[in-house]
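Heads up, the next two complexes both have chain A, just with different partners, chain B and then chain C.
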Partner chain A sequence: MRGQLSYLGVELARPRVAFFELTSCEGCQLQILNNEASLLDFLSLVEVVNFREAMTERHDDYDVAFVEGSVSRADEADRLRAIRANAKILVALGSCACFGGVNQLKNRFRDLDWVKREVYGDFPIITQEVLPLSAVVDVDLCIYGCPIRKEEVEKIVTNLVLGKAISHPRYPVCMECQASQNICLFDLGEPCLGPVTRAGCNAWCPSNRRGCWGCRGPADDANLAQLEKIMAERGVSAEAMLDRLECFGGFATQADLLRSAAADGRKP
Partner chain B sequence: MLFKVFAKDELPKLFDLLAANPVIAPVQKGVDQHGVPLFDFDVVHDFADLRLDYTSTIHSAKRYFLPYAETLATFTVDKGGWEKQVDLNIDRRQVLFGLHACDINALNKLDKVLVQSAYPNPFYAAKRRNMFIIGLQCTPRPQCFCRSMGTDFALHGFDMFLTDLGDSYFAEILSAAAFQFMARIVTREPGHDDHERYKAVVAEKNGRFQAKVDSSDLTKILDMEFESPAWKAWGDKCLSCGTCANVCPTCYCYGVEENVDLDLTGAVKTRRLHSCNLIDFAVVAGGHNFRPHSHARLKYRYYHKHRGFVEAFEEALCVGCGRCGEACLAGITVPAVIASVREGG
Partner chain C sequence: MKLSCDIAVKPLSRVEGHGNIHIRIEDGVLQEASWEVVETPRFFEAMLVGKHWENAPYICGRICGICSIGHTLASIRAVENGFAIEPSSQTAALRLLLKHMETLQSHVLHLAFLVAPDFLGTGSVLPLTKSHPEAVQRALRLKLLANDACDLIGGRRMHPTRTVVGGFTMLPDKAQLDLLLRRLRAAAPDLAATAELFASFTIPDFVRETEFVSLKGETDYPFIGGALMSSDGVERPEAGYLAMTNEYCTPASTAKWAKLSRPSFAVGALARCNNNFHLLHPTARAVAESFGLAPVCHNPFMTNIAQLVECVHVMADAARLIEELLDRSFTEPRQPVQSRAGLGVGAVEVPRGILYHAYEFDDAGRILHADCVIPTGQNHANILHDLEALARSWAAAGTPDLEIERLACMLVRAYDPCISCSVH
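Coming up: the complex of A and B.
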């Protein structure tokens, strides 16, 4: 079969990895599969023991668990705890797993029973507040993005195999956007969360002339207060900014603060 | 200095002669929400795409000398060891057509650090030496303060420099290569009238400057105002986004990263431009951050440009192009920052 993995003559262990999904669109897992050019190299770096999206056999003996999706039912929380117990390293794959993702939008509604009735009618369904993985178990590593970038996952897995440190950019998307020689969307009259959102996507949206919606969550030391002023000066309503901040869940804390500040401001 | 004058319809011929090499020139990239054209440098194939009437460009031409990301070396790796490959692109000739004085002076400043220093950067030096530069007299915008920085005229660092005299161009010729090219188009010696017209154009240009920076005694004043509350006030606005450094023609800070190929048979070492405003700029091994606060990072950007560099090279690392202030969403501009610090907050 496949030979011993080695780098510079040093033998390396092939980690046994497993992929799981909770509440998600499975788009992040698809990202990993859809890079035909490098998929074989990727698969030869690791030993995949569980990947429902790509294979039928399953094992519970793995080193690294990539978990996609958020927790929205009690049985998912139980599954996640079992995965945690089996895995040496648990990776939150994508923004749903890291922050709750688009699914957590429903948490914005105070009456979750109303949401359930609107979506599912009388169909009996068990659903609860949407949580990121870290609200249920310890998470060792987050891979941000909605969806994730396969290049980033490949880099992270390579570094895992080599035992190298794994780090994310700590600065905001603007850095990558300017290095791509884009025209800033604010100059075109469009809002963008790039100044406060963690880089790493190579300014995916602004490079396609769309403002950032913050799917990778806040950059370190993100200056939300200043962005709020910038948006206001340019006629973007507080509500429009909150729509973006609340979309993927990464800015939940900041959005709550803004909402309560706005509510306080409205009081006489 | 050698001067020539040539009719405007000779310029496309000069362009075609030079276009045997890749030509980088100002082009229009779009219009902003108010209908104002936005220019940037790009590779141009047709003289008609050139916008020699450009005001300024969104990004400087720095990236053609110091790319945002540049491969320093690639490695092939096997059981027995590794082999390193370095490509300096030394033989790749390029033409930069229509660079304003500020941006030429910016290159001259970069030369001091990246070519004339104890540890030259061969990647930069190779691109710099292989770039044929045609300078172009500009029309200052309200944001331009190159005059305050002494960079509104370029004395060297280009091959030829053109000034629009209306129906003709006044050309300063600085290099043998430029002289050779000029010999292939129709030119004439400038007469008294041409000199007068040149002086009138320049006087008109000088009358347009609006923004100013008072740089007198600035190194000392910056020392005195190290604790000025002005820094904190600007820091509170700063988004730590690095846009200012990315658009700046003189910022050259970088980080180096090494990545191993997915198939473990190779590796690549990449240099990426960084910015001293970014949160992790002063993080050292072990994780300590010497500048965790945005106001300290912003302050040191100004200290490098207007204090440290001045003490080392007797000139500022800023050519007053105004790009950083224009690009900064938080409205942080060099003239405003320096004025507020001079006032002591």
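Coming up: the complex of A and C.
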């Protein structure tokens, strides 16, 4: 018999966990099933009571709710509020939940009617500006990434079960990339947000010679002005930098600034 | 026996995304059967407008968590076709190998985790870890093998990192490829045992004639690009995909539906097997025959068996591809890309059926208009018509309502729908 475990002041035994998805590709939940080597051990740590993608049984008495996806319709906001009311701890799972993710790319078009017409023509379709979970309810914990990294989820959930403090790296992906002794992608002519993006992915993309697109959002004290200088020095266009900064929503403020600057620059 | 019932499954579990089944029977007569797709749309086709071509595969891979590799490859193919880029034989072999491993991991996930619980009378795979531990371990080993292979070639099993227009950012290490080949060969007994497990299941006896759409293979069982065909005799070039899809909106769905020669058609493993049976690897064909799967099979529940057959095919063909790759000296991973204005279409057979991406580019290589036609979107109308036929015949036969509900859920699951993908 294990002793009482606690997190954020809530006492937990083998926590009852539930998985939910709002507007998303459901890939982050799938990443949990993708933990083949350790899936069964992982499942023994918790009691899964709600996981529609994998199981038919479902219950609403859970301690921890993992919510994937962003909010893009009123009924999703209602569902999210109900989940919040049931859960002792609500975890935003992945970039869509944390920042809006790729879904928020449609927010850059201020005219939502144009967006609807572009895809559905005159067919009536309901949607709204894409929001991260935190715009609708209180979020206790964020697990960053598009997709989430299974090792990180396991570590976080294990710490949660054991009642250990959970913290994210404050430093950028660049540090992990250098520790991996990768060739700097800027030297290979590839733009990279590694210098400003929060670490924790073990430089997943740069280690595969793909520049970082910032899916984990900004590191503490991210120096965007310096990055802009580096990009300019290396001949990276403002458009390419904006493509990366606006992709997942973690750098929404900076992307807005760059976008307005570009719009101003185009004015006669 | 109860002759009236009102069945509502809201939402259906063990599928990707949100869909609802509703069946109403009165006095043994079907009054209503509906398949409702309630998933929130994401508007990927709008997101891409104004974006430079390099964004397309990176963003579009994220349409789907399960078949992100397929979406990425379809998107890359659309861009390359638009720019008249022919991938090198090395790139083509690596992409097909990556595609095969995604097919294997997706089919195994569906068969072992989502489908098998229905046949073994459980609500999920969790009780099976106790009652059928060997079967679960075998499935996990096969999935792990496939996912490790995707990591090795694509850089990451989900939302791949190395796949780019023009080729790959990096190539796999040959020693690792060799290890993969040995693991593939060693995994054959796991797949054979999985096939034995499925041979012990009774596949529901239900037939409704329909049209099957897939790529048309010339010399190989087709996965990436080529002509399009239907079992009703329609043939079109890849760029003529719109004539195969005829998408339309319907009030019951946030996904667009599709039709061709009849009110609905089917895509997926069964469609591919039906249309290209003669091109399956002989070992895969033998497995198909042992299950009585021969073209043209009109039982949608046999999609599960077709997936099993394809697992055998892709494992055999992956071994061939690796041998071929090990025999050659690797050249540059990536070729230069020169954009040009015009339309590019890419058709790729992803686990759930044929997927199309199409982009129109301006002179600077920016996207003016994007169109993605998703396999599950093409299957929705067929799912509905199957549900109607199934409920009607089983209601008339006096099948108990719980059994009709179980069979209806199993029917939709057999299509392995990727609902959020179909809404995108």
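As a working rule, the second predicted complex is superposed on the first by the 247 of 268 C-alpha atoms of A that agree within 3 Å, B and C clash if a C-alpha of one lies under 4 Å from a C-alpha of the other, contacts with A are read in each partner's own complex, and residues count from 1 in each chain.
By our rule, a residue touches a chain if its C-beta (ideal position, glycine included) is under 8 Å from a C-beta of that chain, and two chains touch if they have at least 3 such contacts.
Bear in mind the structure is a predicted one, so any value in this text is a computation, not a measurement.
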Chain B versus chain C as contact partner of A:221, first or second or both or neither: first
Once the shared chain is lined up, is A:85 touching chain B (first), chain C (second), both, or neither of them? neither
Between chain B and chain C, whom does A:30 touch in the aligned arrangement: first, second, both, or neither? second
Is A:257 touching the first partner chain B, the second partner chain C, both, or neither of them? neither
Applying the document's definition of touch, where does A:178 land relative to chain B and chain C: first, second, both, or neither? first
Which of chain B and chain C A:239 touches, first, second, both or neither: second
Show me the residue ranges of chain A that touch chain C in the complex, using the header's touch definition. 21-31, 33-34, 36-37, 39-40, 43, 48, 51-58, 72-73, 76, 101-103, 105-106, 109, 114-116, 118-121, 123, 125, 127, 146-147, 204-205, 208-210, 213, 239-240, 243, 247
Complex contacts: residues of chain C adjacent to chain A: 11, 13-17, 40-47, 49, 51-52, 54-55, 58-59, 62-66, 68, 109, 113-114, 117, 123-126, 129, 136, 140-141, 143-144, 147, 155-159, 161-162, 164, 169-170, 249, 254, 256, 420-421
Chain B touches which residues of chain A in the complex? 5-9, 12, 38, 41-42, 44-45, 154-155, 158-159, 161-162, 164, 170-172, 174-175, 178-181, 183-184, 186-189, 194-196, 219-221, 223, 225-227, 230
In their complex, what parts of chain B are in touch with chain A? 29-30, 32-33, 38, 40, 58-59, 63, 68-69, 77, 79-82, 236-243, 246-247, 259-264, 272-273, 275, 278-280, 292, 294, 327, 329-330
